[in-house]
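Note that the chains are named A, B and C in the order they appear, and that numbering of residues resets to 1 at the start of each chain.
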């Protein structure tokens, strides 16, 4: 339980003065004080807010929803004061909710949430007795190795790395400093992970590429001599899989973030600062430039290249290379403008058909005259 | 090996008398008895049935397939007796397969299968010496903790819960009674699982949401202060992932069943008794009402809401909210009736084109006269 | 570091003589020898090749890219010698890169890569002290059981099998000889794996099928009495899931290869030598013939059958059975020829519209005359 005034101090808010606006003349001094400085017991999202909550209203466009809000206090973005003054505090904030203004409401709200619900601290460093570490492995300073972790021969783990339970590092894996591998991550032999990477639970790095020689009627597995190389600050979502290169490396560029259940095929070369949303699939030997964005469930064919700054809409299917930056939608993809035109055209088909039948009938009538 | 008559007793069948219908006059008493009461060694699906099998024919519409069936006995739904009498037992059941009638053939067949192939009993309760349990964790009565399970600080596990090998429960996780977590499940810090839930192998609950502040050219991870809350009787398929809320909880409503390889993004609010089939993806902050059904590979955009009783066809793509119950198909989705119309219209395009060219030619001919 | 001549010997190349073609008259004997027989320090993919590299140029069509190649040596397919002679070595290979010809350049390049970057040898056989094996399990000869593996009651593991860390085999599982299970694989009770199978990390075999009786308003789980049966030489990609049969077996045929993150539903019967690419989903009780190919993200409805030799393009959606071999695209699918026609037709819509409006206008003009 915290006083509103304590929270206001905590986030160095721009202003908490707005509370004065809505004051009713007929409140006692005590009632007034309680209203101005309510007791707060939780910081929760807007839809869950009730008496005792502080919450976040992150857009000025939604200011009118203050009227239905049950919270005791609300954090607003800077600029709200003018709107409130303009349209009238009584009208916009009829219940007299205590208000707080902030230049960075999103970051400040994170501070408030942390205040009531502190994040779990990092596990203490050290090696759990239930971990198995090969004698040839090199473990850096201040590393955390939790229970049931398996570290194979010639593995190198950089300083401050955290290996959660059941992580398995096969022979010759290298991990840069400050990276975190969550439970049940598997890293196949010889794969390389940069510094400050985050691999979420269930990630599989370096499984065999899906390449076969089928000339004999059986499918014979290709050589699997390459590896996977993640540059620094790469993040991989839960249960995402990246296959190893055939002869060389499958690479993920610096700062690229990949969501859950994504598949990156063997030999792919993914650029820097890409955002690949959940369930995206990129087939073998394809590449992307920098700042490419793939929305959910996008699929890319094999052996194609996508230019920097391309944005692909959800469920897009990309059969061939894209050389121009821009937004593309559909399966197979089209440029967004062409897509819109075509979508409208298909919708109008029945109208076309009517016009056409009318014309045909007139033509027939005309010819039989 | 069981006698047909034993099986008939086992399931309290409506009637096994139908066998009398097909009796040939020229069988000896012994042959007759063997035909009426064959030895059964297995209960298997229809396509795999052979001599010595009992199998299930679950629809009266398929009664004619009895003629090609190699089973020694067949379980039929109530009502088959009239059809058999009407169309003639000799014609429909020429081989004289021993028949069994049931009000609930599906459930009764499950009993028969269990009789030959008993389900594995639940593992005995107790804590395996190869499990690691933090001293601050609270473990309820009759709990099973198998090898290599990792239970972090302040975890609470309800009575009768089963934790299969390699399950990892991070700090502060709570699990309601009678829930089962299969091998290699990871539950991140502070997540809450209701009673009688089933989490299949490889499920990841509470990994970080895919939300970034990209204003600086780098993608900076959003706060990860929330958790995941599963209500009672939720089931999650193998390798499904549900991300934690940013500030609050990602929630799955009571009785909702989710298939394998499904992705539920951060902050989503999934209603009660939903059925989400395999490989469905729901982007962050979206919500569904009750009894929503998503067929396989459906994708929902972020920040949208789906009304109760909406059904989405396989591979549907949903870019915006749906407020009316009904069935929707396509990517982007359309109401099913509009979809059918449009599908037909597109198929007819080449016909349009012919009509149009004919008209154009006639018009030209007319104008040159 | 190896001499080019050593590598040429290693792969029993067809010819390394081509180097003679480009020789300049003004090189000293020593320079000439160095050019003809350079020192090689790595074998890498074409895009990564630099001085000191040997690389592979696997198609004669790309011969012109030799001019921009920085490698010290290049492996070429047989037939290159004629093209080089025809178009002129000086023109096609201006830098005088040392060239090697091979009948099987792909396989030979694998040998070269292995020479510089030897594949990790199989882990030595034996049972790690950190593994848990039930006393009733039967473990064959020369089996490798690594740390944290869990083997339940009545499991049978064939000769030479490798079980990587954290593999969990539940009660009654059987594995044929020479199969490899990578880390964190879960095999549910009674499932059967053939000989020479490869299951990549995170695979889940035999989780419950997604079948419910919803007649009461709640979703009640179907019986889960079957299992999964993999024939010999099946390969399953990382985090792929195959659900157990309701009463019988979900089956995968001999030699079928399945990529990462694929879902095969309960009761499916997949044929022999199929290739199912990443993120394919096959709903319950469907079947495929032999040599079926599904490209990435294909979805098949439940209870359908796909004929042998059908090829399904990426993201195809298959609502009903396919009885004719051939290539099918789209969602819902069409035969590839019909698809192409329709795709063209939709693209021409705006042209139709113009023609139509012109006609309509002429008709109107005509009628008002």
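The rule we apply is simple: contacts are C-beta pairs under 8 Å (C-beta built on N, C-alpha and C of every residue); 3 or more make two chains touch, one makes a residue touch a chain.
Nothing here was measured: the structure is a model prediction, and the numbers come from that model.
Peer 1: Imagine chain B is absent, with all remaining chains left in place, and give the connected groups that result.
Peer 2: When chain B drops out of the picture, the chain contacts still join everything into one piece.
Peer 1: Under the over-half criterion for shared residue numbers, do copies chain A and chain C use the same patch or different patches to meet?
Peer 2: different
Peer 1: When the C-alpha atoms of chain A and chain C are each averaged to a single point, how far apart are the two points in Å?
Peer 2: Using C-alpha averages as centres, the distance is 28 Å.
Peer 1: By the touch rule stated above, which residues of chain C touch at least two different other chains?
Peer 2: 130, 148, 166, 184, 202, 239, 261, 279, 297, 315, 331, 346, 349, 352, 356, 359, 363, 366
Peer 1: Any idea which chain C residues touch chain A in the complex?
Peer 2: Within the complex, chain C contacts chain A at residues 43-45, 47-48, 56, 106-107, 109-110, 113-114, 117, 119-120, 128, 130, 146-148, 164-166, 182-184, 198, 200-202, 233, 235, 237-239, 255, 257, 259-261, 273, 275, 277-279, 296-297, 314-315, 331, 346-347, 349-350, 352-353, 356, 359-360, 363, 366-367.
Peer 1: Can you name the residues of chain C that touch chain B in the complex?
Peer 2: Residues of chain C touching chain B: 130, 132, 148, 150, 166, 168, 170-172, 184, 186, 188-190, 202, 204, 207-208, 210, 212, 214, 217-219, 221, 223-225, 239, 241, 243, 245-249, 261, 263, 265, 267, 269, 279, 281, 283, 297, 299, 301, 315, 317, 319, 331, 341-342, 345-346, 348-349, 352, 355-356, 359, 362-363, 366.
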